[in-house]
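Chain nomenclature is as follows: A, B, C, D, E and F, assigned in order of appearance, with residue numbering initiated at 1 for each chain independently.
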Amino acid sequence: METSLVLQNLLSPPVLFFALGVIAVLVGSDLEIPAPLPKLFSLYLLLAIGFKGGVELLHSGLGPQVISTIAAAMLMSALVPLYSFLVLKRQLDTFNAAAIAATYGSISAVTFITAESFLGITGMPHDGFMVAALALMESPAIIVGLLLVKLAPGETKEDPREGIRWGSLLHEAFLNSSVLLLVGSLVIGGLVAAFSPSGLGKMEPFTGELFYGALSFFLLDMGIVAAQRVGDLRRAGAFLIGFAVLMPLFNAGIGLAVSWLLGLPQGDALLFMVLSASASYIAVPAAMRMTVPQASPSLYISTALGVTFPFNIVVGIPLYMAMVRLVIPAT
Amino acid sequence: MHRLDLICSERELERVVHLIDAAGAPGYSVVRHVTGRGPHGSVSESMEFSGLGANVHVIVFCQSEALESLRQGLRPILEYYGGVGFVSQAEPL
Amino acid sequence: MHRLDLICSERELERVVHLIDAAGAPGYSVVRHVTGRGPHGSVSESMEFSGLGANVHVIVFCQSEALESLRQGLRPILEYYGGVGFVSQAEPL
Amino acid sequence: METSLVLQNLLSPPVLFFALGVIAVLVGSDLEIPAPLPKLFSLYLLLAIGFKGGVELLHSGLGPQVISTIAAAMLMSALVPLYSFLVLKRQLDTFNAAAIAATYGSISAVTFITAESFLGITGMPHDGFMVAALALMESPAIIVGLLLVKLAPGETKEDPREGIRWGSLLHEAFLNSSVLLLVGSLVIGGLVAAFSPSGLGKMEPFTGELFYGALSFFLLDMGIVAAQRVGDLRRAGAFLIGFAVLMPLFNAGIGLAVSWLLGLPQGDALLFMVLSASASYIAVPAAMRMTVPQASPSLYISTALGVTFPFNIVVGIPLYMAMVRLVIPAT
Amino acid sequence: MHRLDLICSERELERVVHLIDAAGAPGYSVVRHVTGRGPHGSVSESMEFSGLGANVHVIVFCQSEALESLRQGLRPILEYYGGVGFVSQAEPL
Amino acid sequence: METSLVLQNLLSPPVLFFALGVIAVLVGSDLEIPAPLPKLFSLYLLLAIGFKGGVELLHSGLGPQVISTIAAAMLMSALVPLYSFLVLKRQLDTFNAAAIAATYGSISAVTFITAESFLGITGMPHDGFMVAALALMESPAIIVGLLLVKLAPGETKEDPREGIRWGSLLHEAFLNSSVLLLVGSLVIGGLVAAFSPSGLGKMEPFTGELFYGALSFFLLDMGIVAAQRVGDLRRAGAFLIGFAVLMPLFNAGIGLAVSWLLGLPQGDALLFMVLSASASYIAVPAAMRMTVPQASPSLYISTALGVTFPFNIVVGIPLYMAMVRLVIPAT
């Protein structure tokens, strides 16, 4: 792995602002980005990534490779929770194991975006349909996560609203705000590109030019929030911290193998690895809070946000890039 | 009259409001963005961007009958999802 | 001492604060962005961008005299514009 | 009306994001743009539209056509409530009839902005002084609205602050935040263009380039809020829903006739029609809440925001454009 | 059980929370962005961008022992930095 | 002082929006920019000014003039509170005198930014290292402020947390959120410029192009907040109002003398004067609230924000520019 690659990632504005957020917490500064400002950036990033993905998806079309890649991504997000669960069950109860497993099956949009920005800096192209894969990887993980709880014998407390749980789970899996905004913006991007192309240029300053700076600003907040999780981590213990580093590495490896089988070009392969390796701290925690309230949010959020997210952002992306270059031929 | 103070996750708000309406209480008020700590750990606003949400504080001024009916509906929710409910006396101004 | 809880539209806040000052209460606290439902329908924050505003929750800890004077001033406002006021007992820590 | 025109409007980013907001509510998603973020966009749009209008107003100057157009717009905003009141009184009490009537006399800045963006896409020019008309159409409607209540015999409850009502009404009519921000930004735009033109280029990325994307984002919220009003509408009944569609059409017709009389070019005529046809959900509801608390906000907000606003955005603008092309010769 | 309502500057919140934890109270809730007026003048949110902050409203439902211990810790803070604390009765739902 | 200079400043968007905010309060409009939106702009401005300063600091390097200028700025921020305290003690108690003195030793980032924008309009160059001076002028003032209280005999009430006060003071002085964000963004800007230059162009729309408009928007809020302080001012009395106008003038004069001694070019000299003349309403009030709760925030905030800030923005900047032109030769 070339040092320049690592340095370029480490010293890019998004990663540095993430580090600044971490430092602010470590030195005990009162720097905070008060609610709901982080939500503004989070909504903006989903909208912009979806819109741009939709525009590019229209240009690339829905050919067989696109469809097989998306299908593979969805499969990945259903499989990862299964084997993660088996690992986690060695030390945790069913509820926590299932919730963490679901988290790792799903994806982190900000990790994806950071990887995209990194590709932009290194000049490696990638396809817009990867955003569609991103959008469709949250729902399967959520469903598998709850299946794991339901099928584990004798552990479920009775929910006061018996019966309606499945409906509200599917609802949460497919219609939670981040999936809806991402898929909606994707469709809008495609429609505008197809039928109202003069609108593209007018959206560009907002969804395009502003994007990188807004990502950096948001990562400042993510750094603060991730660092605040360090206390929880200590309670979580070495097992979970180890899981939060090793499982992404393993998933990235599987992702690389799948990319190679699918014949993805380098840029798309990197994104596929990042999708596989990343863990959700947006849609999944909210869904788990609702459907598995017995699981402790401090565990599944801390591992995903406090360990895996910074690991991927700082070490993972350039590492996966080096792996891609070893395995996938440049085009 | 009674004053009910209810603090729970905002993810349960919709269901709580349905119960209040069903109990025939004359009204209610909701304060969002409440943080805190209880037996299930602490709740902050720092994950608000993720859709996880923080707590809500719901205040209901009502008569005994509504309170009784609310009690039946709310207890299982508080037990299952966490949160606290307290009752005190209050007279209309 | 008494504790007064007042919930009304934030459009009336300025007038309510004037009344509290005039009644000689030693202080008050205001929570904005309160939503809820009462006899006049429900109030949400969704029209906040329009300047319509949501409700406020005003808390006043005061002695009987201030409360009496507040009662005179507040009742007509609550009757005309809506909102509720409730009184309970509280002792300084 | 050419289908391409309708399609181009329907499939423009602002309208599509509005639709996404509506869909989010209809499917029961938890997508929300929490307060005060919508206020940020609402303040931004008023500031930007005012600033740009002021710059253009300076270039066009205050000639006789400008002044007569503005005067006609103000007259329109005073007349519309009068005949609307007569219609509404057939089914509603004085308070609600007056409040809704005032709402329809006033304007919707976002509808105006969407029409402007539509003009931009179709390449039809328009004049900056139309923003001045926009800014001056809120106050007359508010005043006429309260006059209607005052002059209706025996219906007013006693306001606890007797006497001061008129002062605070005029205050609310002329100095409410949206009128003040709009007029203030208009004046600032004119002053900067006249005396400090180097400031114009430096403002352009903020007030100009960002505008379209910010409008789209805001319309996502407007879609959510409008769709949440559907429940209220059902209670409002067929009469009000009919009113909320037919009155804008009628007002647009009057607006077209006035534009023709004034000799306005096509772009300005479209904007004049949109001003006439749109109903306020910003300044007027706040003023009515204060001065006519007996009226039910759920009625006047739901009709303006739940029916008339989407009708104008989706159907109205291209329809009015087609009418303009029939009646007003291209220049 | 007791209900403690505490209103003070949000700059003191961290210390107050430490006291609550140390007193062994079973939990607490915090409402931020509270404004108001007291003997030391009025507090608004308008300087929020400066880091000055507004007030917080802290609610604690607890038993007498925790309350006693809280009282010892809180009084000096309220005296030095300002703020009010009031106690009333409340029963679990 | 040329009238065109005064006019260009007075009629620039930031100053005009500040005036609009003042007018909104004076006429009693309900225009407000609700919390935490002003915080968004305040964080953004600190981040952007730091980042741009860091980029420029890297290009100018850390030569002897840079270091001596920064040292002089820090000395200035320690000395100003000393003589300000002597003046203020004639009428105020130790607590209030010390708190106000600290305020005037520190700086106002927004005044600095407005001066920078003014330089941009007049086409006068300036160096990026002035941002480093800005960042380092808050801490000394805070420390001197508390020393003044501590050394004044017999006035301190006992803090309930005895002993830990000094630690938390130094912490507040060096690690408060605005210093940390400013210094952090400065370092990030330098690092990115040095090692990841392709990131600069991608940040530019956010930190560069948007800057002027965001500053204008924020000044609208500052105008509102400053005008709300007018009531407090009346209570503060003529002595403090006089202090709030004359002390900045005096400090600007000292700043000009120091700039001349340091051999600073015109643009840097203006910024040095503005740093000397401005008073803090960001980091210092929060620190004083914590360490000198006996002082009344309404006094130190009102003087800094209600008098000195508008004075500098409206009258000071062009006046200091005229003084610079008299004393410092153009290069």
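Quick note on the criterion: a residue touches a chain if its C-beta (ideal position, glycine included) is under 8 Å from a C-beta of that chain, and two chains touch if they have at least 3 such contacts.
Everything numeric here is computed off the predicted structure, so don't read it as measured data.
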Required minimum of steps from chain A to chain F, each step between chains that touch: 1
Counting hops between chains that touch, how far apart are chain E and chain F? 1
Going by the average position of its CA atoms, which chain sits the greatest distance from chain B? F
Indicate whether more than half of the residue numbers at the chain C-chain E interface occur in both copies; give same if so and different if not. different
Just grab the chain with the largest centre-to-centre distance to chain A, centres being mean Cα coordinates. C
How many Å are there between the centre of chain B and the centre of chain C, using C-alpha atoms for each centre? 20
Distance from chain E to chain A - Cα centre to Cα centre, in angstrom: 39
When the centre of a chain is set as the mean of its C-alpha atoms, what distance in Å lies between chain D and chain E? 45
Which chain F residues touch at least two other chains? 30, 34-36, 39-40, 176-177, 205, 209-210, 286
Provide the list of chain E residues touching at least two other chains, using ranges where the numbers run on. 31, 33, 48, 51, 88-89
Within their complex, chain B touches chain E through residues 4-7, 31, 33-39, 55, 57, 70-71, 74-75, 78, 84-89
Write out the stretch or stretches of chain D touching chain A in their complex. 7-8, 11-13, 16-17, 20, 23-24, 27-37, 40, 117, 120-121, 205, 209-210, 212-214, 216-217, 220
State the interface residues of chain D toward chain C in the complex, per the touch definition above. 34-36, 38-39, 41-42, 157-161, 176-178, 221, 224-225, 228, 281-283, 285-286, 289-290, 293, 296-298, 301
In their shared complex, chain C is touched by residues of chain B numbered 1, 3, 17, 21, 26-33, 59, 61, 88-93
Which residues of chain C touch chain D once you look at their complex with the stated criterion? 9, 11, 15, 33, 40-41, 44-54, 76-77, 80-82
